[in-house]
Amino acid sequence: MSSTPTILEDVTGSEASLRRFLHGLPGVDQVGAEARAAGLATRSIKTSAKEFALDLAIRMVDLTTLEGQDTPGKVRALSAKAIRPDPADPTCPSTAAVCVYPDMVAVAKETLGTSGVHVAAVATAFPSGRAALDIKLADVRDAVEAGADEIDMVIDRGAFLAGRYQHVFDEIVAVRDACRRQDGEDAHLKVIFETGELQTYDNVRRASWLAMMAGAHFIKTSTGKVQPAATLPVTLVMLQAVRDYRAMTGQMVGVKPAGGIRTAKDAIKYLVMVNEVAGDDWLDPDWFRFGASTLLNDLLMQRTKMKTGRYSGPDYFTLD
Amino acid sequence: MSRIDVRKTYKLYIGGAFPRSESSYTYEVLDSKGKFVANAALASRKDARDAVGAARKAFGGWSSRTAYNRAQIIYRIAEVMEDRRPQFVQAVSQSEGLSAAKAGGVVDEAIDRLVWYAGWADKITQVVGNANPVAGPFFNLSTPEPTGVVAVLAPQDSSLLGLVSVVAPVIVTGNTTVVVSSYERPLPAVTFAEVLATSDVPGGVVNILTGSAATVGPWLAAHMDVNAIDLTGIAGDAGLAADLEVAAADNLKRVRRAPAAEPDWLLDPGLEPMTAFLETKTVWHPIGV
Amino acid sequence: MPFEYAPALESRAIVDIKPSYGLFVDGQFVEGHGTPFKTISPATEEVLAEVAEADEADIDAAVKVARRAYDRVWSRMPGRERAKYLYRIARIIQERSRELAVLESLDNGKPIKESRDVDVPTVAAHFFYYAGWADKLEYAGRGDDPQPLGVAAQVIPWNFPLLMLAWKVAPALACGNTVVLKPAETTPLTALLFAEICQQADLPPGVVNIVTGAGATGQALVGHPGVDKVAFTGSTEVGKAIARSVAGTHKRVTLELGGKAANIVFDDAPIDQAVEGIVDGIFFNQGHVCCAGSRLLVQESIVDDLLERLKSRMSTLRMGDPLDKNTDIGAINSGEQLKRIRELSEVGDAEGAERWEVACDLPTKGFWFPPTLFTGVSQAHRIAREEIFGPVLSVLTFRTPAEALEKANNTPYGLSAGVWTDKGSLILKMASSLRAGVVWANTFNKFDPTSPFGGYKESGYGREGGRHGLEAYLK
């Protein structure tokens, strides 16, 4: 079943019409886009604005561990941290989700319980996506059955770069179908572009529209396994895409930069960009996430600094 | 009984045609010994107006021709002049009172100067343009472009070499021009106009008015559709030069000021006669994927 | 809950504004003999300082001092030594950059992010660039032994006070000229701080002289017979008066005057960057920019979409305290300028154009005008022809490249133009056919010391910046 808005049904009908549409999107001038991102990055967020931004950023974190060495112990510790990031401060909000491989979903789900913190699973032969479709779909169903609230899939970058847009589109549609549950509590779908492999902003813009038309709930920059991962200008282009998509279809799509965002200062730059490019409707964990691991501790340190008036140190925050 | 020769009517050269003065006025042109030679058309302010109109009309086409094409046309002027060399020698000799040998030297110099300028058409951009290494991801290039319609008050003494030396640098870069010839020595300018008319120079690129710089000059200096003015032809007349500079300020014409005395036309002209009527355009473009 | 940015004020503590300032002549601050005037902060109308007015005798003294410094010191100094003074100045500007930025924002009303990130760094870069030319002039393509002109009279405007000073002073000094510079009467303070920088650099006395005052002081300076060169940036009207006043003299002149630039957006433009370029083009520095993209020419097929995007973008512009680091739009420089902007905008209303402005609360003190655009503007409207010099954009449409060119060039001005399209050959066609001294393609309002800047037609003559900028100060 397609979730493409009626207004765009003609577009997604064939390879040729998809290509025409995606290549008819306005181009992105690299220098101008990067200059705009750099300009927004000079915003100075102080005092009450900073307090607001730090808490919001914590609430937007998909606390992530995606390592071969992951164990149930590690995932439990991470999940505990997601629920109570700062054990010393009960006012500190929980993160949005923890993000793990499919085989760790059950463990995470068990620890998170009814905390409200979601479990996100990377599926579809993450990170390369180089597997047959039925294997990718099995990967997804496995995670969904284990209780994943959110599925982070990767697109087939090879197909995208070869211009096989219909193939990429169909895969996203298939994965979204695989996200369904009998009880109607479907897992939300985040679509990862691996923008470091797509390379150009024109490609990022096309991938954004392709994924949105195929029914993505979120569009996500990167797996974290390829450099460069999330950058401000890439996220700018994606925020422009979701803004324009809502203007055309009335539907909101979320954005998730992932990888490389390590400091509170960086996170705040992203929030400024969300605020001024997409608008404050997106300033919500339902519509904007950070895929990150070390970011959380820096957010916590800065939060403590705001509350105590002195700089904190890493020894005061857990390393999970 | 010897044959009665057929005399030429000397007329203006506007828009590629040879009209009489709109006012129908003429004035007597005498040779260097004071003997009557011919009646020349006395250009009026309306002739100046018409000439400016013709020059403006010609500007778009002339300025957008390739430099190579302009070079060939200027070279063609030299070829046709060479072909009519005896006539020019006679005219210069008569006008300036030079011996045939000396007049021949002047004509040779004028032809050679055209050849020199012809070669500049596709080189001046390379010499005065610039690639600018700006501190950012931008392609940045400065190139010279013609100023537009240039009024030229041609020198009073050097009726041919001086004339060529102020006209060629203006048109070789793509400007069009309205020239006021030497008042007392206008006939070589009219003959030069006849060369232009047969040298592939598009009508209106060069318009030649015979008459008085003091009379026509102020109209050209004040004309709001003239972009620049060369005051060489009123060398030594500081009062008139100042008045014309004041008039030229009304639309901020580029002014090539009047020298204290007419220069030695045998000297190397350098770039200044060309650069005085060039604008520098700088184009920026981002460099990215 | 909306994300409200708390005030983020740049501290004023770094600047030490004196209660009164004299003229800077012969390396020292001296009294002026005209009527002192006050310079205010346009954001608050607070009086910042009292500044001396130079009368004719003061100008005469300054020109004589500059002549003496030219004859005895500066024109004789080897280029490599002059270069080192300019490098010193560039370095001190970098060292004192925050102080200069704060003072500029206070006196001019421009946002600190612009004075800090654009004006002052470009000033330092300009001195650095021309410092390097001082001992290489024989390679500038102007002959083996180019010579300075003498004493340069320089009159600069209030929109980029320190940057325009740099554009004038750096090449003049590099070429071996000495200068007498008059800053605008509403923004004299950074020029006077620059005088202090000259002292710190031990620049020989008399090489740079700064005389403050208004139009009469400028006239006296430009008209002084001891001046060899006049460089002016400002209005076309004053530029014409200067061109008249130097008629019949030996004075060389460069004029950088007004503009009414077309910013042309084709239907295949990189649309988000075009919107940024439009905003930069007309709202940068409150639109107090001679090369501002004040006429937006939009291809008819995308005008609705573009305007929607533009309005939405304009709504995110933050207007307010120039010293707030998040301010995008500061104060209009003076009550007089505000009056002119209001008058011309009212003409726009009266001529039937439709006004749209950003909804925002204007401060009660100071001079403010919200970012504004007019739609339904035709070429015949005064707001499409006259320079408003404020944050007011006139929007026109076109159907074909030829129509865009015709409209863009249909003005007595010719300073700058912008083109937005993804089609390379169209960019080159437009760039070569626009009669303007600077063409920004897929960008706007970019400046660099190496890049020549200046106009066609009534936007003035001569170039500032780059190798071409040397021409104005050499014979």
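Labels for the chains are A, B and C, by order of writing; each one numbers its residues from 1.
Keep this in mind: contacts are C-beta pairs under 8 Å (C-beta built on N, C-alpha and C of every residue); 3 or more make two chains touch, one makes a residue touch a chain.
Being a predicted model, the structure only gives us computed values, none of them experimental.
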Check: Chain adjacency by touch: line, ring, star, complete or other shape?
Finding: complete
Next item on the list: Look at the interfaces B-C and A-B and say which one is made up of more C-beta pairs in contact.
Entry: B-C
Next item on the list: Average the CA atoms of each chain to get its centre, and name the chain whose centre is farthest from that of subunit C.
Entry: A
Next item on the list: Compute per-chain Cα centres, compare each with the mean of all protein Cα atoms, and return the closest chain.
Entry: C
Notebook entry, point to check: Distance-wise, how many Å sit between the C-alpha centres of subunit A and subunit C, to the nearest whole number?
Noted result: 44
Checklist line | subunit B and subunit C: spacing of chain centres that average the CA atoms, whole Å | finding: 37
Margin query: On a C-alpha centroid basis, what's the spacing between subunit A and subunit B, in Å?
Written below: 69
Next item on the list: Scan subunit A for residues touching two or more other chains and write them down.
Entry: 29, 31-32
Check: Among the residues of subunit B, which are close enough to touch at least two other chains?
Finding: 136, 138, 286
Item checked: Sequence positions of subunit C contacting 2 or more other chains -> 442-443
Check: Which residues of subunit A touch subunit B in their complex?
Finding: 29-32, 34, 199-201
Item checked: Interfacial residue positions of subunit C with respect to subunit B in the complex -> 125, 141, 236, 239-241, 243-244, 246-248, 255, 257, 412, 427, 431, 436-443, 446, 448, 450-454, 456-458, 460-461, 463, 466-468
Check: Okay, in this complex, where on subunit C does subunit A touch?
Finding: 1-8, 113, 117, 268-273, 276-277, 316, 325-326, 422, 442-443
Notebook entry, point to check: Can you list the subunit B residues touching subunit C in their complex?
Noted result: 127-128, 130, 132-136, 138, 140, 142, 147-148, 227, 238-239, 241-243, 245-246, 248-252, 254, 279-286
Next item on the list: Note which residues of subunit B are touching subunit A in the complex, please.
Entry: 136-138, 286-289
